[in-house]
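Paired with chain B in one complex and with chain C in the other, chain A is shared by the two complexes that follow.
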Partner chain A sequence: MNDIIIIVLSTLGTLLIFLAAVGIVKMPDLYLRISVTTKAVTLGVGLILASSAVYFNEAGVVSRVIAIILFIFLTAPIGAHMIGRASYFRGIGLWKKSVIDDLKGMYEKSTHTLKSDDKEDEIFDQ
Partner chain B sequence: MKGKFLMNLLLTFIWVALTGAFALINYVFGFVLSFLIMWISDRNNQKTKYYSIVPQLISFIFFFIYELFKANLQVAWEVITPKNKMKPGIVKVPLTVTSDFEITLLANLITLTPGTLSLDISGDKKVLYVHAMYIHDRDAFIEGIKNGFEKRILDLTR
Partner chain C sequence: MTLQDYLYYFILPVLTLSVILLFIRFVKGPSISDRVVSLDLHITTGIGIISIYSIINDQPTFLDIAMILALIAFLGTIAFSYYIEKKEKNE
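This part shows the complex of A and B:
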């Protein structure tokens, strides 16, 4: 029974990471690439770790696995956010079939402050 | 609230000590049992928030795992099928949540779930800019985030 669980979990995990790697090649622009990799890798690594927890079946290993999964869930979105934000500053455009871009013109060029609406703010005009 | 939680833990340890089985499953069972006992025996008429927040937290975790799997299946499908049906874009989502903790939680959840990626938050913390893979209708998309994650987070923290 344990063997089957381990096989299923680790296979799913590896498949997801493989698909993320394919996604990097296939996706048309940077934002979609980030979007694909953060999700698939988070769950993929989580599943592989879970299968190792089932394999060892010790309290020490299980608690470490839970801690690692928790930290991945906390840090992966922050990495994605920082990369996405930095590339928007660099002016890397969206895919040509993109529908909406609400972020356009919202950044203040010199200070990198982000406005919440289209109205001109007096502070920025000085 | 904190007192109730400590009471719950104390009852759990008493249960584990009395039954003498120090396995993880026995801790969980003891916790559930003492939670039920406290819920039944609390004579306070307007029940404290503690009794509603624990089931909510558990259902939230399961909801999150479900969404995470859904997101991955969607992305996997998008990668293995040759045709691109994506309609990506950046949408401005107005926020109801205010504290830093709630915003961080919401942004992390958005990044980890179906086709969406939280890019940045405005300086005054009123608006979150979200990059999404499928935007068929902008208002429906914003509604989806507000009624799904944000509502659940508000239920938990307030």
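This part shows the complex of A and C:
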């Protein structure tokens, strides 16, 4: 019974990681690639680690696995956000078929802080 | 066919194939940010491979290394993005 659970969990995790690897090759744009990375790989590695927790079935190993999973779940979005923000400042463009760029003109070039839209401020003031 | 055989002959080859695909992006990547994202993915996939190896060899101590690799991946991504942003500011 344990073997079946391990096989299902590790197969799902491996297929998710493989899909992310295909995505990072095929996606046309840096930001789409970051989007693929953060979601699929985080879930895939979490499932593979869960399968090893099921296999060993000891308190020490299970707590270690939970610590790794929590750490990855906390840090993957932060890392993706930081690298996306830095490359937006560096001027790496979007895909040419992208429809909208919400951040265009919203950042101060020199200080790298967000400036608010003036129209919204007027609406708040009234 | 035991569990170890299944992991050895199906799971590990697929993970290896995905590492090869990631390496294609690492070589091709037009900008440095693509390479940083690909490096982050390499390390995260390596955590999965270490976890599968710990099942095959019945050694739970391998998971300690996976934990340290997760830490290094995070620190590496943050440091790279910090310096990419700094470089743009200085120019």
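In the analysis below, the second predicted complex is superposed on the first by the 117 of 126 C-alpha atoms of A that agree within 3 Å, B and C clash if a C-alpha of one lies under 4 Å from a C-alpha of the other, contacts with A are read in each partner's own complex, and residues count from 1 in each chain.
Going forward, contacts are C-beta pairs under 8 Å (C-beta built on N, C-alpha and C of every residue); 3 or more make two chains touch, one makes a residue touch a chain.
Note that the structure is predicted; figures quoted are calculated from it, not measured.
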| item | value |
| --- | --- |
| Chain B versus chain C as contact partner of A:L94, first or second or both or neither | first |
| Touching partner for A:I34 - first (chain B), second (chain C), both, neither | both |
| Chain B versus chain C as contact partner of A:T113, first or second or both or neither | first |
| Partner chain in contact with A:V22 - chain B first, chain C second, else both or neither | both |
| Which of chain B and chain C A:F73 touches, first, second, both or neither | first |
| Partner chain(s) touched by A:I48 [first = chain B, second = chain C, both, neither] | second |
| Set intersection of chain A contacts, chain C complex versus chain B complex | 15, 20, 22, 34, 42, 76, 78, 80, 85 |
| Chain B residues within the chain A interface of the complex | 24, 68-69, 71-72, 75-76, 78-80, 84, 86-92, 107-108, 110-113, 115-124, 126-127, 129, 131, 133, 135, 138 |
| Contact set on chain A toward chain B in their complex | 15-16, 19-20, 22-23, 26, 28-29, 31-32, 34-36, 38-40, 42-43, 59, 73-74, 76-78, 80-81, 84-85, 88, 94-95, 97-103, 106, 113-117 |
| Parts of chain C lying in touch with chain A, wherever the complex brings them together | 3, 6-7, 10-11, 14-15, 17-19, 21-22, 24-25, 31, 33-34, 36-38, 40-41, 44-45, 47-48, 51-52, 54-55, 60, 63-64, 66-67, 70-71, 73-74, 77-78, 80-82, 84-85, 87-89 |
| Chain A to chain C touching residues, read off their complex | 3, 6-7, 10-11, 13-15, 17-18, 20-22, 24-25, 30, 33-34, 37, 41-42, 44-45, 48-49, 51-52, 55-56, 58, 60-61, 64-65, 67-68, 71-72, 75-76, 78-80, 82-83, 85-87, 89-92, 112 |
